[in-house]
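Look at the two complexes coming up: chain A is in both, with chain B in one and chain C in the other.
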Partner chain A sequence: MDRALIDSLSSTFDALRVEVPREDRLTVQAPRDAVMSVLSFLKGRGYDHLHMVSCVDWMEEGQFELVYVLSAYGTGQDSASNPGEEIILKTRIPRELPTVVSSISLFKNAEPYEREIHELFGVRFEGHPRLTPLFLERDYEIPPFRKDFDTRQYVEDFFGSIPPVGEEDQDV
Partner chain B sequence: MDRNQLVKWLKAPAKMGHKYSLHAVYFCTGCGIIEVPPSITARWDAERFGVLPTATPRQANLFLITGYVSVKTLRAIIRTYEQMPEPKYTVGFGSCPINGGMYWDSYNTIKHLDRYIPIDGWIAGCMPRPEAIFVAVTHLWTLIDKDMADGYKRYRKHYAAYRANQEKVLRGLDWPPLFPVEEQ
Partner chain C sequence: MRELELYFGPQHLGMVGNFSITLKVEGDRVVKADANPGYLHRGFEKLMEQRSWIKNFPMVCRINVVEPDSMELAYATAVESLAGIEVPERAQFIRSIYLELARVGSHLFGLWAYSNMLGFDTAAQWAMYHRDLVLDLFEELTGGRVYHIYIWPGGVRRDFPEGFEKRLVETLHSIGGCVPDYDACFFDNRLFYDRAAGIGKITREEAMEMGGTGQALRATGVPYDVRKIEPYAAYDKVPWEVPTREDGDAFSRIWVVRDEMIESVHMIFKLLDEMPKGDVYNRIPNPFKWRIPEGETYVRCESSRGELGLYLVSDGGDKPYRVHFRTPSYPHGLTILEKALVGESISDVGNIMISLYVVAPEIDR
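And then the complex of A and B:
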């Protein structure tokens, strides 16, 4: 990983935790308010491809962790970025009020990821144009990917309540 | 032609026609569909059994449901099933449509498909081999012969109950009932 990038990251932003777990990987822990500025800083340094946005539920700590994975296409004039390297930006948000600013203004392809996270974890992305259901057909009381969603109880209660049809003349 | 079957042909030619020209609607759900391309092409050649894939449900009479059914897929399955002309036969393929299979505790997967549309036969297994499709097809012939492949008749008979179950899972079915449902 480019030493200069790490230095400029930690000198531009305070309250960042930068680690290099592998030679071609950089992990950045940022506070919620700094996410957009860090993303735009990294985009300016040539890391112009957002692989994905993901979410982790840390229920015991009462937090969600949003994970942005960035890498470089390597087509820009800026040679600071290397296409083989990836940057993982993590941020923690409180579970009670999970709102974060949408990153669509920087990376257009964040739209379906954020929609999915909104649907499955209930994280609200401010500025997202359509936070409508993407995969799910039904409404769930708790978004189903949260750790406190009891799938077995749900299956028992809901799918168990659907009666069989015409069982008396099913002789096949 | 098999001479032993001559009487059957003379007695019920339409039934024999349905039996030996099963047109399977090309509808892919879940992972079982991976077994279908080798089954219909040179390696196993489903045409030996008169089974051909058909592009549109309006020309098909065999519906293979080849894997787990998510709630969203159920909507498409019901629409497809209702578009098929009668007589139509449905076969659940793999363990997931039977009782959920390995998705038995999933929040978004239908557990018992026969509570939403009628099923004429099941192929158990995860995955069933392509040979199992042909065993199912020959069983289906026997069922058609004995008038036991009557899923489409059961659908008419119990339509109110099927529709009630469908509406329970899919909020706001955006098409009218296929058959008249009496007010209760």
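And then the complex of A and C:
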């Protein structure tokens, strides 16, 4: 990983935790307000490929962790960014009323990822043009990918309440 | 002219897979397209949080029905990287051969879907038949035809059976011998050119700002391939080329697929020549009591559709804490497809979708 990038990251932003777990990997922990400016900083440095936006539910700590994975396409003039290296940008947000600014203005392919996280975790992305359902067909009290959503219990309650075929006849 | 709303799929002749697109059309021109997945959502990533590490292998296969093998690889390498397990060199070669064979099978299936959709039934039937020959090889090697569950942490499940290499080479030669026929019947056919050239065009800049990888990007002239930029398995052990094209339309994408198939077959021959002797797996702890150290990892590989990534988190327990796949069809089928369809004719919707190589189960997961 490029040493100059790590230095300029820590000098440009306060309160970043930068780690290098592997030679070709950089993990950056940023506060919620800094996410957009860090993403735009990295994009300006040639890291123009957003792989994914993910979300992890740390229920016991009362937080969601949003994860942005970035790398470089390596087609730009600036050859400092190596396409074989990934940057993982993480931010923690509270589980109560989780909101974060949408990153669509920087990366267009963030749109379906944010839509999915809104649907499955209940995180609101400010400025997202369509936070409509993507996969699910029913309404859930708890967004189903949260850790306190019990899939087995839900299946038992929901599908167990449908009477088996032919049961009405037996009662007669 | 009046604007109409048109539902394209999930039950439509031009649609492959459980996927639908809501089109706004004016005459027969598409004004706006809304991709509409969710017909196949099984919540695999949530289910995987409730099963032990080893029991998740049958699940990851089913995320991409057409090419389950790169899913196995992504999951196995992620577990290896968390648990610190090494893979023997012979197993690395076998993995590469196995993945390239899977790529050939997947591309033949893609070729079937594409040529069938355009009405080239002969080429489609050939491709399906040749894919079946590849599946026979998989059956002999792994016991399964579609879902193989062959790669696992520490290596692969078993070594090549007696005489397998010979039969592998023979089968690939008999498929490769038909390339001139395919060319005459389909790839060099004027009708294919007329239907596909200039259709669903994406520029290089558009592909990159929408997260495109695989054929969608390589058809615009960018030789972006994870096997080259971050080599895994044995891809850095033999020389090979990344085929590209310049135009970024459906025609270029399908030609990239064709060239890639040929390159894969050549790569298998080179890998077979270089393959060392030795073990094919390293012992792992008892999988039923296996606890993986706390941590997180992101791994990626090149599936037949583009870049496949996996973000995996462990809390030190016997099950994954969070699994999230970055599947190539996700940006291709949602962001890029919605953009590429605008301004095209209704008759080309299926053409563009299949040339982008979208497979619905990968989006829904």
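The rule we apply is simple: the second predicted complex is superposed on the first by the 165 of 172 C-alpha atoms of A that agree within 3 Å, B and C clash if a C-alpha of one lies under 4 Å from a C-alpha of the other, contacts with A are read in each partner's own complex, and residues count from 1 in each chain.
The definition used in the following text is that a contact is a pair of C-beta atoms (placed from the backbone, for glycine too) under 8 Å apart; a residue touches a chain by one contact, two chains touch by 3 or more.
Just so you know, these numbers come straight off a predicted model, no measurement behind them.
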- Message: Quick one: is A:P163 in contact with chain B, with chain C, with both, or with neither? Answer first, second, both or neither.
- Response: first
- Task: Report for A:P144: first if it touches chain B alone, second if chain C alone, otherwise both or neither.
- Result: both
- Message: Tell me which touches more residues of chain A here: chain C or chain B.
- Response: C
- Message: Looking at A:F135 after the superposition, I want to know if it touches chain B, chain C, both of them or none. Which is it: first, second, both, neither?
- Response: both
- Task: Scan A:I88 for contacts with chain B and chain C and give back first, second, both or neither.
- Result: second
- Item | Which of chain B and chain C A:N109 touches, first, second, both or neither | second
- Query: Thinking of the overlay built on chain A, is A:P31 touched by chain B (first), by chain C (second), by both, or by neither?
  - Reply: neither
- Return first, second, both or neither, reflecting whether A:M52 touches chain B, chain C, both chains, or no partner chain. second
- Message: For A:Y154 in the superposed arrangement: first (chain B), second (chain C), both or neither?
- Response: first
- Query: Can you list the residues of chain A that meet both chain B and chain C?
  - Reply: 135-137, 144, 151-152
- Message: Which stretch or stretches of chain A touch chain B in the complex?
- Response: 135-140, 144, 149, 151-152, 154-155, 159, 161-166, 169-172
- Message: Give the list of chain A residues in touch with chain C in this complex.
- Response: 24-25, 48-52, 54, 56-57, 67, 69, 73-75, 83-84, 86, 88, 107-109, 111-113, 133-137, 144-145, 151-152
- Write out the stretch or stretches of chain C touching chain A in their complex. 37-38, 41, 43, 45-47, 50, 204, 208-211, 222, 224, 229-230, 296, 298, 300, 307, 309, 311, 313, 321-322, 324, 326, 330-331, 334-335, 364
- Task: Write out the stretch or stretches of chain B touching chain A in their complex.
- Result: 71-72, 75, 100, 104-108, 110-112, 114-115, 118, 120-121, 143, 148-149, 154, 157-158, 161-162, 165, 168-171
